[in-house]
Amino acid sequence: MSRLTHLDETGAARMVNVSDKDATKRTATARGTITLSAEALEAVRSGSAKKGDVLAVARVAGIMAAKQTPALIPLCHALALSSASVDFELGDGDITATATVTCTGPTGVEMEALTAVSVALLTIYDMVKAVDRTMVIGQIRVLDKSGGKSGDWSAA
Amino acid sequence: MSRLTHLDETGAARMVNVSDKDATKRTATARGTITLSAEALEAVRSGSAKKGDVLAVARVAGIMAAKQTPALIPLCHALALSSASVDFELGDGDITATATVTCTGPTGVEMEALTAVSVALLTIYDMVKAVDRTMVIGQIRVLDKSGGKSGDWSAA
Amino acid sequence: MSRLTHLDETGAARMVNVSDKDATKRTATARGTITLSAEALEAVRSGSAKKGDVLAVARVAGIMAAKQTPALIPLCHALALSSASVDFELGDGDITATATVTCTGPTGVEMEALTAVSVALLTIYDMVKAVDRTMVIGQIRVLDKSGGKSGDWSAA
Amino acid sequence: MSRLTHLDETGAARMVNVSDKDATKRTATARGTITLSAEALEAVRSGSAKKGDVLAVARVAGIMAAKQTPALIPLCHALALSSASVDFELGDGDITATATVTCTGPTGVEMEALTAVSVALLTIYDMVKAVDRTMVIGQIRVLDKSGGKSGDWSAA
Amino acid sequence: MSRLTHLDETGAARMVNVSDKDATKRTATARGTITLSAEALEAVRSGSAKKGDVLAVARVAGIMAAKQTPALIPLCHALALSSASVDFELGDGDITATATVTCTGPTGVEMEALTAVSVALLTIYDMVKAVDRTMVIGQIRVLDKSGGKSGDWSAA
Amino acid sequence: MSRLTHLDETGAARMVNVSDKDATKRTATARGTITLSAEALEAVRSGSAKKGDVLAVARVAGIMAAKQTPALIPLCHALALSSASVDFELGDGDITATATVTCTGPTGVEMEALTAVSVALLTIYDMVKAVDRTMVIGQIRVLDKSGGKSGDWSAA
């Protein structure tokens, strides 16, 4: 049976010991999507046209959340992030957020990228919910990661 | 064109003024899902059988995140939550998280419920990612809410 | 000699007891300025022209800092803010930030408004410091406040 | 035109990538001033004579804020600070706060020193505001910094 | 068998629902002790004589921790504290910390008082540990509480 | 007289400068105990039998608190923890919590281990206090530490 590294031999949760892992350059990219009504999308777009504030606020929220990841995810190690960015693409009925995070450290930064995407999309939800109550956030996953012993990986 | 209440007339972001809204009892329920491999699901289940730690950790993370919502979502009001709970259902190839949050206050608690669900699912992801790199978090949405001027609402 | 209410009779620090003060509507407006070079100001302005991001980021930072005030200022009471906004005016060699915060509570919100202004200006400093090392932040003060037993007050 | 490194080519905000910068010893000193009435200054001074609590509280607040800088300033990198100190000088109608911060890391610590000074002065404001409503915080700037590729620098 | 209110009928953790409890005035006092060597105690005392900084820092840390209680204790409700204070008594081989916290709210403030005591004593430990490695923190308990349906209570 | 390193020559508090200390592997183990009534202990035990939630929640709280140590203890350095774990032993009238923390860094991790123990025990207190008002938390101390210039140490 596969072992979850965050559980010890008795099944108790713990932060996995990374003290013997080398600090290497790590990158992770994650992506997610919020589906919203035409009216809501137009509200974001026209707000964008003026001052870009919905997406600017969501971008800042995502970047700040990346830095708060170890305070949110109980067994996640604190890492000094080298960079973090969040980009948005407005589709036909949805907005896609993509976050890229890098660090030099002993563990990967998938959780930071996933957290940035999640909070950025939640922030869009918060700012648009007066217009559309039926939004759905989904398709949050890791696109690719590099660095570390397990090597590079892409979602194919 | 529909107006986003979080933007002022110049398009600048702001916390909406709720000082004239009555403090009423509010409830919101949100739900989301993580899809994972049979091997990963079995790892959670057998961990569950022993000490329930994966889901116990995710539950705590979700509840604590609900309380941190105004620190994560930039324009969200701080609310003194009356209660918060997170439940899980193990499906065939996925785990569903459902969060219910209540408060007596001037604004709704959808964002708190959505944040609890998101962070609970991210925590499962973190604890299982050594076993399955292809998990996807999705279908995060509000199921129903009650209280406030706009009245009760269900996702149908 | 005037007594500082945050010190008890032995001179020890404490959070002042506000349990006998009525919860009333409170407002405070604070303002501050950052002086910067023509080149730095132009960088902000042209960044503004494109996507408004320097000021948008500073605005979000200020609003989020307002909510974190009791975690930063040791003897400050936690208040559930009703609203918070930060506005900027680009002058000839400086940028002025003005923050307005409201709540219904037992104490005033000057510290929240002052903290919002301070962190908004620090954020501009951070984003522009590669261009100008000689910026100075100053003139941070309360413009006016209303509500509470001591009544309305303006800086004249 | 000068480029702001915190904006990408489209003007979107991001944390600048520092993964190729060497970790070197860094120091920064920042300073700022609060002007206050004779009565307020005397209240601080006599509180000081007894137990030093106003300045002791402000010093602790400043040091703790230095550690919170990346949680407050959206695009600021997290750094493991090697040291932080805040000192005060009581003048004739004002109090000057000076903060010195050091770290071994890939970016400078100006923002940490400036944040320490700002929060220390805000804390004095909070503790004295019952005595003087007209205080002004100002002259917040970097005095000197050392370390990193750009070398040593003093405000002259 | 007695039921723990923080567990639901299936044994899962949750924040207890307090939405039907009245907001009343609440007070709690907690106390704890750190035992330390004569040398360590003298170091605190003489530091005290000069500027009182060990106990002043510990006092601030305790008060700030009281406000962070719901972020530390997973199932604890957020409460807007009306006051918080921490006092110390230097004994013969120990220091006793006593914290008193008040609020007007639907649940008691024991946890806030206990957290203030714990963090104040941990702060003393941190500042003195270079002098004494054998300190022990203990006797942390609630002395008395008042307010709420269960009425007043003293530790006898 | 012994000097407290957290006070400068004037007695003012500061974060000690560790920039000249080598980053070495560090470990610390701390322990503490909560005494509780037979009824309360049985409640924990039977909750444990079902889903283990009291101790699971306390374990998560302790691990998360270890990561928050520098935000709680004013003069404590931020360290990137390599691992953290908390274990419990149910005795006859008490529960003992033991925390082990490791890092590679310039200072030790005693405070992180002590903070994990303290918050884990406070969390048990919070979840059981409806059943037993007379619990006492005590015997919190460091058992052993290793790494750093001062070498290995055990409490004997």
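To keep things simple, chains are lettered A, B, C, D, E and F as they appear, and every chain counts its residues starting from 1.
The rule we apply is simple: contacts are C-beta pairs under 8 Å (C-beta built on N, C-alpha and C of every residue); 3 or more make two chains touch, one makes a residue touch a chain.
The chain list, named the UniProt way, goes like this: A, B, C, D, E, F = Cyclic pyranopterin monophosphate synthase.
Model, not experiment: these values are computed from the prediction.
Common neighbours of chain A and chain D under the contact definition above: C, F.
Set side by side, D-F and A-C show the greater C-beta contact count at D-F.
These two copies of the sequence, chain B and chain E, are related by a rotation of 120 degrees on CA atoms, to the nearest 5. Here the spacing of chain A and chain B, counted between their Cα centres, is 15 Å.
The distance from the centre of chain A to the centre of chain E, with each centre set as the mean of the Cα atoms, comes to 36 Å. Contact of a single residue of chain D with at least two other chains is seen at positions 12-13, 51, 53, 56-57, 60-61, 64, 68, 71, 74-75, 78, 80.
A list of each chain pair in contact follows: A-B, A-C, A-D, A-F, B-C, B-E, B-F, C-D, C-E, D-E, D-F, E-F. Residues 1-7, 10-13, 32, 39-40, 42-44, 46-47, 50-51, 53-54, 56-57, 60-61, 64-65, 68, 71-76, 110-111, 114-115, 118-119, 122-123, 125-131, 133-142, 153, 155 of chain E are the ones that touch chain F when the two sit in their complex.
For chain D in complex with chain F, the touching residues are 25, 56, 59-60, 63-64, 67-68, 78, 80-87, 102-104. Residues 51-53, 56-57, 60-61, 64 of chain F are the ones that touch chain B when the two sit in their complex. Residues of chain E touching chain B in their complex: 8, 12-19, 70-71, 74-75, 77-80, 105-106.
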